[in-house]
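Next up, some structures in structure tokens.
The two complexes that follow have subunit A in common; it is paired with subunit B in the first and with subunit C in the second.
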Partner chain A sequence: MMGFYFSRLVEIYPFFLKGLWMTSKIAFISLVSCTLIGFLLGIFRSSNSIVLKRIVGVYVAFVRGTPFVVQIFIIFFILPEWGLQLDAFPAALLAMAIMGSAFICEIVAGGIHSIHKGQWEAATASGLNLVQQLRLVIVPQAMKVILPPLVGQYVLLIKDTSVVSVIGVMELTRVGWVTVVRIPEGLMVFSLVGVLYFSISYPLILLSNYLERKMAV
Partner chain B sequence: MIEFKNVNKWFGKLHVLNNIDLKIPKGEVLVICGPSGSGKSTLIRCINRLEKIQKGEIIVNKTPVHDKHTNLTKLRAQIGFVFQQFHLYPHMTVLQNVMLAPVNVKKIDKSDAEKIALKKLEKVGLTEKSHAYPAQLSGGQQQRVAIARGLAMSPEIMLFDEPTSALDPEMIGEVLDVMVNLVSEGMTMCVVTHEMGFAKKVADRVLFMDDGKIVEMGTPDAFFDNPKTDRAAEFISKILTH
Partner chain C sequence: MLVDFNFRIIFEYLPLFLTGLKSTFLISVVSIILALITGIIACACRISGIKTIKYPAIAYIEIIRSTPLLVQIYFLYFGLPTLGLRVPEIQTGILALMLNSGAYIAEIIRAGINSVDEGQLEAGTSSGLNYFQRMRFIILPQALGVTIPPLLGQNIVLVKDSALLSLISVMELTRCGQTMTSERFMPSEAFFTVAFFYMCIYFCLKAVADWSQRKLIFREAY
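Showing the complex of A and B:
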């Protein structure tokens, strides 16, 4: 029996490696883009401009208030009707960027809000411009508050990449589906899928726990 | 050097600055006192535009502070500000705190900025703490670093917003000593404070505010010994009996 499983594993593992590679690629690109956009939006959200605040607020509310699958469908099936046709892979990246940046925006805005008003005033009084105030004084301090939930959000984002399988991107979950159709060992297939996801996210979970302990002073 | 012309400011319905007219010549030390909520902090916070005014004009060194086209960086470089709660940057060492504005605003070379910063720290007697973090210092030391940080831009004006009010009594002296030294160097200073000893010793004029208005202004001797208004007399008797 074990020998049988083993031979099956040998037979299917190249597909899984390909799926794992695709998942890693989506995850990596998404984490980078979500972080960049998320920080920018978070800074807008905590700015003094009521217009910027409102616009970002609506964006965040919309993204957080709708299921990720629906967002993917909108991007993949509905945008083409308005003339924007994307392949599955770029559509997946776009969907991830929109969804992830909204969550990271809230984390960043929360971190910036936690900084005492006096820090802004001291930086202002000394003649620093707004960008310098953020870069040199506010964000470095806010990172202490931002970092633990940010890494936690990364774990969620990595797991959420599985949802893009619905539009046919050949990542880990999709590979699992396709494999299960051909061979009957569903338990083995999805256990393998689970283990592979875990192998990416567990180091980040450990990092998140570590940061949480380290920053909780 | 600093001129207020018919300045008015409201926080919502509260009229915090009511028709303020005031001239502060170069080299003057002006002490501002008054009950809490009288507008004295707001008054000095308008000088470097930490607060905006709704009516009137403030002119610093011929620069209209509240003009849209005013180069705020240039304006603020001439004005050092010291806060009641110090507001040092906690993630930076003392030296980095003092160097930050010279390096980033004046674009001074790092090694030169370090020399300037160390000189200013020497002035406040904290050279040996230059590599400590603010949290490792006492309140008095933190406030002295904050003064050094304000001085690092070589300002012509120093503004102090209740610089000793957050300090333990035994630390007030060291901060006032640093300020008295500044006076002897001819710095133009506006100091919101209730330290009457300091006012009597170094102030050229004392300004008493209440309800957003300048109620009385005069030399320290005239103000403390012979206040012209009942409101000022009442205030003086209250702070002197405690």
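Showing the complex of A and C:
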């Protein structure tokens, strides 16, 4: 019986590749947008303006304090009530961007905080404006602290894309879920799904380990 | 937007949410305890010199860390019955949370042990302590301080992860929100209430985590 199901599974492998492609697409788009928004928010969070700090703080607390599934449900079920109807795919991207940017924001803020105050003063004394100070002096140094946890966070984000399957985005986990209904071999189907996730995230885990060793101070 | 937010319906469903909260709490506590045990065992295997237990531990940790929790939950949920094991959903869920968090806890403990300076070990050896004595009197007391804050952080993650059990129809907090949505079709009342309860848990746990971090830094300074 197992062999029969295995051959069925081999038959429908393009279905899994499609899921893998969808997962990579969601992961890639959301990683890029999370990084951009996260850096921006992280800089806001470590700025001197109390109002800005508080707003970002509340945002981060809300996102970190609730499970990602609940956030997806809020975006997918509640935004339509307020007149913003989103399809599953954009809703998934939006949820990922909100969730990921809050986590990356904390990492970036931590990195910027780790820079000695004298660096800021030296940059100001050299006549650089705020953007130049950040771009030329602070962020390049903070990168050393930011990079290892950032790559670690990327791995977590890629894994979190599996949760968007709950609103019906046809990505890898959803493909597994749909397949297991027809091919009742849970171990086999989800091993395959697991192997495909492994193939995306394991290289990043290795990169994260490498960066951690290399950047250790 | 929030003008027609119906508080009455929330009060009507409050008993349901409270049972959900209780169930989330119980699932989390049981999973945390089991995950801690799993993590300690996995870490002990991981750092031991015996290859037959070291490599399986590495495989376990790396596989868990590089696949999503949801896939692990589905793997057990759909997979255990094919092995002939009929397990209630809640136990499947706890098993998945335990295995998942156990791998992360093993890595946290290992990082703590690695953070102890090599010289400490050598000093222990030259004082004539054997392996277990070195672990007991030198490594673990020092590793504990480094380990506790990330362990508390992992607890926060585990509580949030337990929301995924709603997808295999375990009646916990998120599932209560889904139930209320399907019965009354009031998603904003349902999910904002759920989010509120999770926030309460999060702030309590975070206060503990921050407190422990301050305490430990304080101790380190002396």
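The rule is short, and it goes like this: the second predicted complex is superposed on the first by the 211 of 217 C-alpha atoms of A that agree within 3 Å, B and C clash if a C-alpha of one lies under 4 Å from a C-alpha of the other, contacts with A are read in each partner's own complex, and residues count from 1 in each chain.
One rule holds for everything that comes next: a residue touches a chain if its C-beta (ideal position, glycine included) is under 8 Å from a C-beta of that chain, and two chains touch if they have at least 3 such contacts.
None of these values were measured; they are calculated from a predicted model.
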Subunit B versus subunit C as contact partner of A:Glu171, first or second or both or neither: neither
Subunit B versus subunit C as contact partner of A:Phe77, first or second or both or neither: second
Touching partner for A:Val189 - first (subunit B), second (subunit C), both, neither: second
Which superposed partner A:Tyr202 touches (first subunit B, second subunit C, both, neither): second
Partner chain(s) touched by A:Arg64 [first = subunit B, second = subunit C, both, neither]: second
Which partner reaches more residues of subunit A (counting touched residues only), subunit B or subunit C: C
Which superposed partner A:Glu106 touches (first subunit B, second subunit C, both, neither): neither
Footprint overlap on subunit A, where subunit B in one structure and subunit C in the other make contact: none
Subunit A partner contacts - residues on subunit C that touch it in the complex: 1, 62-63, 65-72, 74-75, 77-83, 160-164, 166-167, 174, 177-178, 181, 187-188, 191-192, 194-195, 198-199, 202-203, 206
Contact footprint of subunit A on subunit B as seen in their complex: 48, 50, 72-74, 76-77, 79-81, 83, 85, 87-91, 100-101, 104-105, 146, 149-150, 153
Subunit A - residues contacting subunit B, complex: 116, 118-119, 121-129, 132, 136-137, 140-141
Subunit A to subunit C touching residues, read off their complex: 61-62, 64-71, 73-74, 77-78, 81-82, 155, 159-163, 165-166, 172-173, 176-177, 180, 184-187, 189-191, 193-194, 197-198, 201-202, 205
